[in-house]
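A single structure is presented below for examination.
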Amino acid sequence: MEVPPGPRKNARGLKSPMRLYEYEGLDIFEGFGIPVPRRGVADSTEDALLIAGEIGYPVVLKAQVLVGGRGLAGGVKTAETPEELEELSASLLNSEIKGLPVHKLMVCEKADILNELYMGITVDGFSGKPVVVVSTEGGVNIEETARTSPDKITSFYCDPAFGFFPYQARMLLRRLGLSERLLTLFADVLVRLYRVFAQFEALIAEINPLVVLKTGYQGGLLAVDSVIEVDNSALSRIKRPMPELTERIENPLERKGREIGVTYVDLGGDIGIISSGAGLGMATMDIIGERLKPANFLETGGGITEELLYKCMELVMMKSDLRAIIINIYGGINPIHEGARGVVRYIKEHKVKLPIVAKALGNHQEETWEIFRDGGVHVITEAPTEKAVERLYELVGEE
Amino acid sequence: MEVPPGPRKNARGLKSPMRLYEYEGLDIFEGFGIPVPRRGVADSTEDALLIAGEIGYPVVLKAQVLVGGRGLAGGVKTAETPEELEELSASLLNSEIKGLPVHKLMVCEKADILNELYMGITVDGFSGKPVVVVSTEGGVNIEETARTSPDKITSFYCDPAFGFFPYQARMLLRRLGLSERLLTLFADVLVRLYRVFAQFEALIAEINPLVVLKTGYQGGLLAVDSVIEVDNSALSRIKRPMPELTERIENPLERKGREIGVTYVDLGGDIGIISSGAGLGMATMDIIGERLKPANFLETGGGITEELLYKCMELVMMKSDLRAIIINIYGGINPIHEGARGVVRYIKEHKVKLPIVAKALGNHQEETWEIFRDGGVHVITEAPTEKAVERLYELVGEE
Amino acid sequence: MSILIDDNTRVIVQGITGKIGSVQTRWMVEYDTKVVGGVTPGKGGSTVEGVPVFDSVEEAVEQTGANASVFFVPAAFVLDAFYETVDAGIKLIVVVPEHIPVHDVMKIRAYALEKGVFALGPTTPGILVPGKGKMGIMPGSLFSPGRVGIISRSGTLSYEFAGILSEKNIGQSAVVGMGADPVVLSNLPDILKLFEDDGETDAVIIVGEVGGMQEEKAAEFIANGMTKPVASYIAGRFSPQGKRMGHAGAIIRGSAGTVKGKCEALGTAGATILKSPIEVLDWTADKDIH
Amino acid sequence: MSILIDDNTRVIVQGITGKIGSVQTRWMVEYDTKVVGGVTPGKGGSTVEGVPVFDSVEEAVEQTGANASVFFVPAAFVLDAFYETVDAGIKLIVVVPEHIPVHDVMKIRAYALEKGVFALGPTTPGILVPGKGKMGIMPGSLFSPGRVGIISRSGTLSYEFAGILSEKNIGQSAVVGMGADPVVLSNLPDILKLFEDDGETDAVIIVGEVGGMQEEKAAEFIANGMTKPVASYIAGRFSPQGKRMGHAGAIIRGSAGTVKGKCEALGTAGATILKSPIEVLDWTADKDIH
């Protein structure tokens, strides 16, 4: 599935939001009165068997990985018997889904599905409003539905100060032709999902599919999946217990980046990058990428101190086979002269021999150049990043 | 102290809101981050001694009664020693404050008071807005201050959809001449109090006094008292554990009224009143009150059924020395013919001999009259309640 | 032109499929009110008392041209229904239910004011214009057409006064229940103004109650140039007042709220004070109102 | 007349007593910006860099006649400070801080739109008008007066482009940081319109990024009659994209958001697409911009 960048990612797809696992989301849904299946979470086949025993067969096994398109990638299986469960569980727990290791399985009851609906709420960047999206044809092909049957899908932009009320939900659902009991049930779940979205400061909250049970509308609706992404910047004020963001970062270097307070994305190449802004970092990567391969993307944001850049050097140097480092920083909000001291202290303490090119302009630029030069860093004093990258080529040659 | 009727009482001072005890309010304040004294609640002198032992002397003993003006009525005492506490506790626990028995004492640390402030938030009926009231001269004489030194007190009407923000609190407090650390501390507590007001659907939330500690502003502020009244109509949706409203009604007849779902106020006289609306009930009382004494005020609201009026009869008849009952009801939203059946069923089952006068008009009036007459009730078919009361005089004579 | 309800008023009933909603729809239809539709989400497509039911107010307005709505919606759903009704373009809303949380009432009051909607209630019997129609629960048999306006904070007392007048063949131009809650959607002076401006009203009766500031504010309105005679009865002279906690109310309101204070304010403003409801007949005789 | 900042702009600094606030106040004053006051609640009465500090914006406006504000307020307090600033009548607000919760940004954006306030950010370097003044953190040394407007989603890239131009003696009419957050207070077309209408701007550079719809919407604006030449660089061609969860965004946005899509949209609308920042010099030479 070709994946266009998400709404809130912006260039800052790099600054990932806090993603919740499906089972965490379902627990939250349950607390907000959204109907969810009976279920349990297992990190071993023994546990999975115990849970399935309590629920009763058949059960559905769902790999808990923080990525979309899991079903099509083989992460969801049905087990009719304990034997089958044992086999499926063992293979899932040792697998990777789209490059992510499976640590946990959710074991849940198999719903008797009549129909699959869709509801999602996200932040629309351009209008600056929460947008509620609903469809009568949910499931894995929802984006296809959006393209081919736009009449089966509709959306509503909320006033963020007003919120989202049941009557608005009903008006929206009427446009899809819903009526009677399904109209009010669907509206009820949608309003509850909006509460989750608002109270968890979500960037996205989604139920796909929201299942209509075969036992009829009397049996009602069931949220058999959850997607919740929480705004990092709001984590501290969410009044509910939240998992530790750092812990769920699989890559140890990226986890360390989070710990020291910078955005670090681990990449396959051999040129280390330190920039003082995401845009500048991306441009640096774009320019380098024409002829070389970045080892990482490291962006400090506006919090540069001597200590921080010392730690950034430490982090970038943890990558093996590094051939060079390029530092591209501006003194606007950042005291780059202090940052330069951190870099040079690291270089001296660790006797770094790697070629390092630094372009540093703005407030305190002359002082910064002096400090860098004292550490043996190749300083670029012209504005275009292309000049710094040319110097890099001279130093390391092309691949 | 002459007590003007409260804001939200309206005529319906009769329908009391849910009042919280001081200690319950302080617990809530604590949960919202408002600084409160160390304290405990005791229903025996032994417990009071234990709590005081933990807190350390001197302590303040505060009778827990749901009425204002407690301090001036002798409900607040300071104990310097265990002996003194024993004596004071024993006498308070056996006392009545303004007619209410003291079941519990709060024992709390004695604050080192530099200054007393005031903050209260209530619903302003006419504007339909929450109104925030603050003063630099809090304490028992706050209403006196409002009259004599209006410059020491100021208020702000909030937009109920917008809420109340710290900047509004600061703007309000600037008008009282506050600045520096006291300005931000006071504003912080005020915004938290507004959160209590909003989340507990309060009709009033008040801290008086809010104490400035002698140890200086560094030591900060302390809420040494709480007044919270919660909107009855919102009790079911408050997302926190709430005490049971019925349990805290001292008068057993009034408690029973609450249980069956009517407003019942116990009075000293001997004429029972059942009305189908508060206004009509009050008018009936006004007319009766010229020459006779009501035994009660019972108002059904719009929920009359046969069963309800049967229970109302039962409740009214529980009062000893009753001389007569007047029933004054209208068939608008109420099916008064059904109500009449309940009354007559009670009369017949219990062979009631007491004179009963009923005025009943509106939808189903003829049917209602017929049912009443069948039960021996004196039916008035004219509109003025005065006519019914005249009939009552004829039946029971004047006092 | 009568106030609030006239020949162009097309009413929908929200909560029409409930027990009270359906019974009261029958009474309203029997009183010749133009009830053009009802709304209960999830019950669209059915009918009640011959009136078509819709899932949403938007749809009801589209299909019936409704321009007024009366609520028999459960208290917990009133906030949502009110927003819906305002957004659908309805300009007159009567909120009959009681026990609506006061914090909700404050919000919908602000919304109505912002959007220019005239609303009555909550805890109101509604409005009845004799011979024209009614929105609410007032029992039609007690009212008769005429030229006296009644505004009442209490539902049952509005019936009492209309009944007393009607027995003596003194008809009413309109009877308006202001609503008995601590916060109401339209205040006493707002309604008084409608009567003052109404060509079919000769005199107005205000039926008030102990508590709050409505009557004091009405007195201000009267003093500021009301031209029609006003009589006022304030209930609660002998009513027990609850024990009071907290000071904020008293600080804001000063001495307002007592029966005595209200009578004095209204009397000073020029209204005739009725000590007992039946005295209204002396007033009509005295002022030659019929 | 330059855009946003001119001779009548009187700036207050909110959060002026913080570490960043005080340092940046010095840089703004040194750049000859009219900084007339600062605000930090509880710190009123002091001074920072010779600038008087007030407890509230209301007081600052009363005392100094301020009409613009730049924020160095901690992220958690921005919502409150923003409402305060709008209510005090300020019409231009620059929100520099990063990490403001998106749900707060949505609310203050709606508030600014409702009240007719022009705001930039969050996560913006602010605005700099060479020779006139600056609100924000842009390092003055990189800029020079001239007739090219720059709008950038990225702070650092706005410096980069200004620096490249200034080195070649091509000055700027104004440099505006749009803010790098998913939701910003003014969108790209809003700022583009300011430059289109500005008599001191001859050409505009848009510095965009992968993600969102800002550049696509800017392309619509250009196609709908923008008269001045536009060049655009979109960063993120080789950037790794995070793994995606959820569908709502893709449904709403379709294929918007990729560097390729943005370049195509802008190119089709008539903008010159720069593959690398330094190509901006070819563009200015080609269009004879100086």
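Per-chain numbering from 1; labels A, B, C and D assigned in written order.
The definition used in the following text is that a contact is a pair of C-beta atoms (placed from the backbone, for glycine too) under 8 Å apart; a residue touches a chain by one contact, two chains touch by 3 or more.
The model shown is predicted, which means the values in this text are computed figures rather than measured ones.
K.L.:
State which chains count as neighbours of chain A and simultaneously of chain B.
P.N.:
Output, common partners of chain A and chain B: C, D.
K.L.:
Where are there more C-beta contacts: B-C or A-C?
P.N.:
Between B-C and A-C, the larger count of C-beta pairs in contact belongs to B-C.
K.L.:
Compute the distance, rounded to whole Å, between the mean C-alpha positions of chain C and chain D.
P.N.:
The computed centroid separation for chain C versus chain D comes out at 53 Å.
K.L.:
Find the geometric centre of each of chain A and chain D from their Cα atoms only, then give the gap between the two centres in Å, rounded to an integer.
P.N.:
Distance between chain centres, rounded to whole Å: 27 Å.
K.L.:
With centres defined as the mean C-alpha position, give me the chain A-chain C separation in Å.
P.N.:
Taking the average C-alpha coordinate of chain A and of chain C, the gap between them is 55 Å.
K.L.:
Touching two or more other chains, which residues of chain D qualify?
P.N.:
none
K.L.:
Mark out which residues of chain A touch at least two other chains, giving numbers and ranges.
P.N.:
161
K.L.:
In their shared complex, at which residues does chain B touch chain D?
P.N.:
Within the complex, chain B touches chain D at residues 165-167, 170-171, 174, 179-181, 183-184, 187.
K.L.:
Could you list, by residue number, the parts of chain D that touch chain A in their complex?
P.N.:
Listed in rising order, the residues of chain D that touch chain A are 20, 24, 27, 75-76, 96, 98-107, 109-111, 125, 137-139, 141-142, 152-157, 159-160, 163-164, 166-167, 180-185, 187, 207, 209-214, 217, 233, 235-258, 276-278.
K.L.:
List the residues on chain A that touch chain D in their complex, please.
P.N.:
Within the complex, chain A contacts chain D at residues 3-14, 16, 19, 66-68, 98, 100, 118, 120-126, 128-131, 133, 142-143, 146-147, 153, 155, 159-161, 198, 201, 203-204, 206, 208, 227, 229, 231-234, 236-237, 265, 267, 275-280, 282-283, 285-289, 294, 297, 301-302, 330-333, 361-363, 365, 382-386.
K.L.:
Touching chain A in the complex: which residues of chain C?
P.N.:
By the definition above, chain C touches chain A via 41-45, 55-59, 77, 79-81, 83-84, 87.
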